[in-house]
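Report on one structure; see the data block that follows.
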Amino acid sequence: MDLFTSIVDMISTFLGLGKYGLEVLSSYVISLAMLALLVWISARRAAKVRAELAAVEARLKDSNDG
Amino acid sequence: MIALLARDLRLAVRAGGGFGLGLAFFLIVIVLIPFGVGPEASVLTRIAPGVLWVAALLAALLSLDRIFALDHEDGSLPLLATSPLPLEGVALTKGVAHWLTTGLPLTLAAPALGFLLNLAPAAYPYLLASLALGTPALSMIGTFGAALTVGIRRGGLLLSLLVLPLYVPTLIFGAEAVRLGSDGLSATVPLAMLSGITLFSYALLPFATAAALRINLR
Amino acid sequence: MMLTVENVTCARGGMPVLSGVSFALDAGQALVLRGPNGCGKTTLLRTLAGLQSPLAGSVTFPEDEGAYASHADGIKAQLSVTENLSFWADVHGRPMPDDVFTSFDLDDLRDRLAGTLSAGQKRRLGLARLGVIGRKVLFLDEPTVSLDGFSVRMFADFLRDKHLAQGGVAVIATHIDLGLDAPEMDLTPFKADHTATGGSDEAFL
Amino acid sequence: MSFWEYANPKKFIATTTPILPWAFGIAAACLIVGLVWGFFFTPDDIRQGSTVKIIYLHVPAAMMAINVWGMMLVTSLIWLIRRHHVSALAARAAAPIGIVMTLIALVTGAIWGQPMWGTWWAWDPRLTSFLILFLFYLGYMALWEAIDDPDTAADLTSILCIVGSVFAFLSRFAVQFWNQGLHQAESVSLWEWTFNVIARFFAFVWNSIFGAEQVIEVAVREENVSNVFFVPLLICMIGFVVLFVALVFQRTTTEIRVRRIRALESRARRG
């Protein structure tokens, strides 16, 4: 556990965050991670649905022409 | 509408579940608290107002999904919809019926259970007043939630998720009134806010409930 | 004209099911709807009764005279036969006609709890409800389900003698022959095909 | 071509798809600039030390959490009144974004308050109202998932959104009332400080749009908020707003496509 705190202290002193370095860092990491996750999930779902739609349209177009 | 109210009350009595269920649950929760929290009087006195209110709220929540579910299953809803009774009237009556079968008994039983939690003597009138003013709002909000989830299979859990945030203002003002009362302070402000919310619910929610019913009947 | 239906299009689940349905019924007339299961009989009846709004066309009948009844007949098991009927009479603000028990052969079941009735008796109680509410325009969806021959004839007699004779109108969706000399209408020609517009899905197609 | 033209799903997809990359680009740029500027180039606040840097995430997220619900309320009303499918689907698309914003506001708010309150969660009135908002979002999204028929779902969720907004507003005051005692001293400085920053932001916007002198005067009165905090915060806010707009366009397009698949299949089934 002390390894972790030493790393965090090293980063926070490097960034000049002073006493509450851990807090500021953790809030940034968590928030940005959540935003990134939201964007990633939305993008992945968009792609999946677009592909699905293309497949359905193709299948139905064949059955109409066929 | 009186006919509908009378029928619902008769059904509740006949089915036996109506009155007993809410009360039994209320009693169980109250009895369990000291086992969980410990028997010391000072602790119990401090948490009694909040616990009584939360238990009353959960007891009301328990019987919400039965409000429309029974009528939905045996087809009474479409028949009521095409009767001269406006759906808003049906919603209002269902709310009042639910209050009479669960809210009222809870309000009357609460002081008796207050002893179990060593509630401060000064708080009893406020407990009675706040529950009398607050539980009707719980029933009407619950009826609205029940109308939203009537068409959904196993809608009970969803119903509680939808209704709990709506219960927050009533719970806060209700418990606050009792707490202020037990400290001997004047609790007119929370009681006024509580009755404000209740009146507001009975003004707005029957229309929202009827709209939800109409949609679910489509 | 008691009930006029002009060019009604009704939808189910965002898709038009029936389109261009038109007919008119004068006082004392009945109409039997025929058609395969799922062709939209129930949807049409619910639209006519006003439970859902039609996509197009119009349905006109005297205000507050419509009543919809399906095989789920709103009978409360814990209430007795009389209580069930008197409830619906009160809701509709009408006095309880005493002959309803005899015309539906429920005389000896007056105080029996509805829960203890057989399926046939329960259906008769449901149909007796129609007699009690005294509505002129009836929309009946498969009213004779789980009824034996005798009860079906009794229902047909009630419709002919009590309801239609007093100037009532009825639209009935059923598969069996009710013995009424009412005209029949097959819904298959009104089935909405690809070109039918309307319905909420259209915006996405 | 009136505004309502965009309610046509195909036209909505056509107009928004080209904008998406630009919107995401601008949002990313604003966020990077705002956060880097706020993180590295602003001094620590005399009282709160470096934790003041959390405002660059907390304040925009909190603002967005409320604005997204407001947007959902407006789209629900549009759906109920004008029956435009895009607005109903936009509301459904916006809810997950709103719930993430609320979560961020909750997490950063708790972390920000922690050094000063001594505990990770001190039932601070404002933070608690975000917790209630989180429950509203959860209920809203759960209702969408629970109903199969898209139209019924859109109608019922719209009603829930309207009634929910009224009760969320009520809870806002109830929570204020309920927790006056706790941390009244410190929380005033902490939150008053934030809210006058927001007031300054709206004053800035209001002034730039309407040039209303007295409004800017109200904001300026709080002299302890030096400009140095305000500009990066403004950029972060813009970044969040643009990110929301981009995400909601993308997710609405996806919802429209899901609905189109369903419509195509049901038409095919009908034959």
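Each chain carries a letter (A, B, C and D) given by its place in the written order, and its residues are counted from 1.
Operating definition for what follows: contacts are C-beta pairs under 8 Å (C-beta built on N, C-alpha and C of every residue); 3 or more make two chains touch, one makes a residue touch a chain.
As the structure is a prediction and not an experimental result, all values here were calculated from the model.
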| item | value |
| --- | --- |
| Of C-D and B-D, pair with higher C-beta contact tally | B-D |
| Distance between chain centroids, defined by C-alpha means - chain A, chain B (Å) | 42 |
| Distance between chain centroids, defined by C-alpha means - chain B, chain D (Å) | 32 |
| Rounded Å distance between chain C and chain D, as computed from the means of their C-alpha atoms | 50 |
| Whole-Å separation of chain centres (CA-atom averages), chain B against chain C | 37 |
| Chain D residues counted as touching two or more neighbouring chains | 260, 264 |
| Shared-contact residues (touching 2 or more other chains) in chain B | 218 |
| Complete list of chain pairs which touch one another | A-D, B-C, B-D, C-D |
| Complex interface listing, chain B residues touching chain C | 2-4, 7, 10-11, 14-15, 70-71, 73-76, 78-85, 217-218 |
| Chain C residues within the chain D interface of the complex | 13-15, 194, 200-205 |
| Partner chain B, residues of chain D touching it in the complex | 132, 135-136, 138-139, 142-143, 146-147, 152, 155-156, 159-160, 162-164, 166-168, 170-171, 173-175, 177-178 |
| Chain C partner contacts - residues on chain D that touch it in the complex | 8-9, 83, 85, 149-151, 256, 259-260, 262-264, 266-267, 270 |
| Interface residues, chain B side, partner chain D - complex | 141, 144, 148-149, 151-152, 155, 158, 161-162, 164-166, 168-169, 172-173, 176, 189-190, 193, 197, 204-205, 208, 211-212, 215-216, 218 |
